[in-house]
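What follows is chain A paired twice: with chain B in the first complex and chain C in the second.
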Partner chain A sequence: MHSNKLGWLLLAPTLLVLFFFGVLPFIYVVYVSFHQWNPFAVNPDMVFNWAENYRRVVFDTQFLASLGVTAAFVFFAVISELILGYLLAQAFMKDFPGKAIFRTIHTLPLIMAPIIVGSIWKLMTTPSIGIIPNLLDSWFGYDLNIGQSAIAAFITTVVMDIWHWTPLVTLTLIAALVSLPPDPFEQAQIDGANKRQIFWHITLPMIRPAILATVFIRLMDALRTVDEVLMLTGGGPGSATRYVGVHIFKEVFPRTNYGYGSAISVIVLYLTIVVCWLLYVGLIAPRNKKG
Partner chain B sequence: MRKNRPWLYVLFWILISFLTLFPIYWLFVISVKPAVDLFSTPDILLKNIYWQNYIDVLNDRTLRGYMVNSLVISSGNALLCTTLGFLACYALSRFDMGGKESIFFWTITNRMAPPAVFLLPLFLLMTQVYKVGDFTLLDTRIGMILVYCTFNLPFAIWTLRPTVDGIPKELDEAAYVDGASAWKVITEVVFPLARPGLAVTLILTWVFAWNEYLLAATLTNFNARTLTTGLSEYVTTTGTEWGIMAAISVFTLIPALIVFGMVQKHIVAGLTFGAVKG
Partner chain C sequence: MTDLEELGDMDEKLNLHETDAPPEETKTGFLPIQTNWFDRLFISVVIWVALSLIWFRFIEPFGPSIWISNAIALALAVLIITKG
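This part shows the complex of A and B:
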């Protein structure tokens, strides 16, 4: 075989691109985060100011509020998607005509751009042109206005996320359910187990790895939701749907306070890594050890 | 248990499909209505189709420019990522380099980071550091093609690795014995066999780049702006022109729908880093 030099040569362009656009930005942003730097301020120079930016981020109520609503959004969206996705996957396990077509339709939202999903839901929910406020008004006399009601806006973003991403959960769980061996189920039926027992003692333990992997992927994706919320509510009303990515895009980025913005970027990245690591250690690693 | 009623499931899935499809249908409905009809009671069925919104979008020079940018950037990026990813996978698969598995794993961490965190660092680097004289990468197509590599190149490597690993090494070795150069082996032995995997990778990276919004919105001003940013611009400046907004959305949606059939089976694997085979 050839020398490894050729291997490194083939790998070099990839490593270079990822270094300059993936790694270096973060080394640079950590460096900037320890400085006072606003090129459009009275003093446009970069001045080293220790951890002053970090101290301000930790006490920034807007930022903390955005972390709070992000956590609520991720929690409600992922839990609903998991339950709905499981039920839909189960509803897919029986034999019925047209399965392939239904599956195709169900996959459709996954390929759509988040910003288009946001645009579609804006057209669905904007009062006076949207169909949803219209129906809610004529059926229940409820006035849905996502531009004014914080809770309505929050729920709409969760529903939008459910519409967009439940199919991913359904399809991953279908893949897990299909691959289950039939023997334990037949045995349990012979032993007279009821449906609930079968679910808790056989199905759930057997598809647990798939569920955990799905939750992990969905959580990481939900944490970075920006485009569709930006389009649907713009983070409003007030700061009701200003999730962390939306906060960076709308509040931090335009302000040209680069030192401070860098500190927020570093902290959000750090929190993401921590959440990711906690999930891995808490959910996935112990299962692997036992299994 | 055994006696299930299939029509009940069909009915249930028709309902679910309706919930999936209706919002997309509604987008189309809004896009083919004149502005004056929008605010009357919403009709679910279409009486007549009004194409003017689409014609207006196509006649708009700025939006046409955005479409061209979107096409150039996503095609350039997809080609670049698939090519580099293919070469990288060949290296990872056939050479015994120290630490190659760590490198392989490291690439994906680039994709896990939230894109919002990239905004400021990339903006600063592109305006302050990556420049030659007056030329910066900010607001250039080549700049966006390179920036999109941060999420598409790891993706390409991860989806192509099993493809390249699956091509028997004996084929390369036989070719080397026959005196072929490494380049010849890659292009004439491995490439033809990897073609199906490469096609899927090319299409999915293309769609991801086409769909991207956040980085395009912050790293371009005018010259390299893409269709997704055009959409959001339209909403903020002239928020009342819902028909135009819907028409731009449909234009943005069409390419994804066209390739949907070809890559449908690979979407789930793609979105779960190959953890699940769809």
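This part shows the complex of A and C:
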């Protein structure tokens, strides 16, 4: 019992911070989501309107469309980051000239603020002055204009996210690969297993917890992407890159529609939790022996 | 007392390995995964929200009130928490 008390005492500061900066704001957002509240409207007061905001959300075609493009963005970004991150982690496990410098340069995007990443990519993709449209034009004769082409804008945001976040996946997977015991690999080699068999039957199952943790982190991060995309495309052209985070931003800040914006935020949080929970249930939750 | 002994003593005091922590009460019900009471409450809330949103979108426009959905969700929650 004594150790329990000490444990709670040591946890208390963190729990207090979490309560005041995590739980309380969440409760407030849920509270606001049940109100009609636009401080710059004719009636600036908060008016309780039951679940009217949620009723409105499920018919909001712009929000539903933003959910669709967000799902596509998350799918392509997270899968690409995982594959690329794993390949880079495997490359960093071997020695090659300039490895230390390459690893440092490769990690640099991680330390940049998303808004700066958005600015850099904006400069690099602006037609006539950006390096990417220039190179694509001179090499392939392709005219990249993310202000006009919806598909080009979407792919550019995915590539930007991959560029920004693959180092995180690489670092996590390097940590997982380094900690693997050598015995199973040696035994597999003695038994005559080839590289593919070793990957599928030994490496992958052993680093599965690290992969899952990385997927959870990246999934949650990608679902709340706002600043880089807002900087790069502003959600356009049209609504091609209007991801849910961008949609909430545009609903809450320029329109000051706090009640409705809160309802959308709560639904996005709900969907994020459900997606992560389904992944957990599908991949690692202990099965019911009777079921 | 040496540093190592002190560390071992601290480890015991902090109970880092939770050797005397009460075993988590997991249950084997009709759900396909092992759950404790909080998991079942969580599943009930997830179903309640999903049912409400689906009701708003597809059923309420034809007349039935959202309170019917809430009653169904409550009944499901009781079933999941007690038998899940």
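Everything below uses one rule, namely that the second predicted complex is superposed on the first by the 249 of 291 C-alpha atoms of A that agree within 3 Å, B and C clash if a C-alpha of one lies under 4 Å from a C-alpha of the other, contacts with A are read in each partner's own complex, and residues count from 1 in each chain.
Just so we're on the same page, a residue touches a chain if its C-beta (ideal position, glycine included) is under 8 Å from a C-beta of that chain, and two chains touch if they have at least 3 such contacts.
Just so you know, these numbers come straight off a predicted model, no measurement behind them.
A.B. asks: By residue count, which of the two partners contacts chain A more extensively, chain B or chain C?
C.D. replies: It is B that touches the greater number of chain A residues.
A.B. asks: Once the structures are superposed on A, label A:C276 by its partner contacts, choosing first (chain B), second (chain C), both or neither.
C.D. replies: A:C276 contacts chain B only, not chain C.
A.B. asks: Looking at A:G261 after the superposition, I want to know if it touches chain B, chain C, both of them or none. Which is it: first, second, both, neither?
C.D. replies: First partner only.
A.B. asks: Which partner chains sit in contact with A:A51 here, chain B, chain C, both or neither? Use first/second/both/neither.
C.D. replies: second
A.B. asks: In the overlaid three-chain picture, which partner chain does A:P109 touch, first (chain B) or second (chain C), both, or neither?
C.D. replies: In the superposition, A:P109 touches chain B alone.
A.B. asks: In the superposed arrangement, does A:F59 touch chain B (first), chain C (second), both or neither?
C.D. replies: second
A.B. asks: Scan A:G7 for contacts with chain B and chain C and give back first, second, both or neither.
C.D. replies: both
A.B. asks: Touching chain B in one complex and chain C in the other: list those residues of chain A.
C.D. replies: 2, 4, 6-7, 10
A.B. asks: Over in the complex, which chain A residues touch chain B? Could you list them?
C.D. replies: Per the touch definition, chain A meets chain B at residues 1-2, 4, 6-11, 13-15, 17-18, 20-26, 28-29, 32, 88, 91-92, 94-98, 102, 104-116, 119-124, 126, 128-131, 134, 163, 167-168, 171-172, 175-176, 189, 210, 213-214, 217, 220, 223-224, 226-227, 230-231, 244-246, 248-249, 252-253, 258, 261-262, 265, 268-269, 272, 276.
A.B. asks: If we count contacts the way the header does, which residues on chain A are in touch with chain C in the complex?
C.D. replies: Answer in residue numbers: 2-4, 6-7, 10, 51, 54-55, 57-59, 267, 270, 273-274, 277, 281, 285-291.
A.B. asks: Taking the complex as given, what residues does chain C use to touch chain A?
C.D. replies: That would be residues 13-15, 20, 26, 28-34, 42, 46, 49-50, 52-53, 56-57, 60, 66 of chain C.
A.B. asks: What residues of chain B sit close enough to touch chain A in their complex?
C.D. replies: These residues of chain B touch chain A: 1, 4, 6-7, 9-10, 12-14, 16-17, 19-21, 23-24, 26-27, 30, 38-39, 41-42, 44, 84-85, 87-88, 90-92, 94-97, 100, 103, 107, 110, 112-125, 129-130, 146-147, 149-150, 153-154, 157, 173, 176, 182, 207, 210-214, 217-218, 228, 231-232, 235, 242, 245-246, 249, 252-253, 256-257, 259-260, 263-264, 267-268, 271-273, 275-278.
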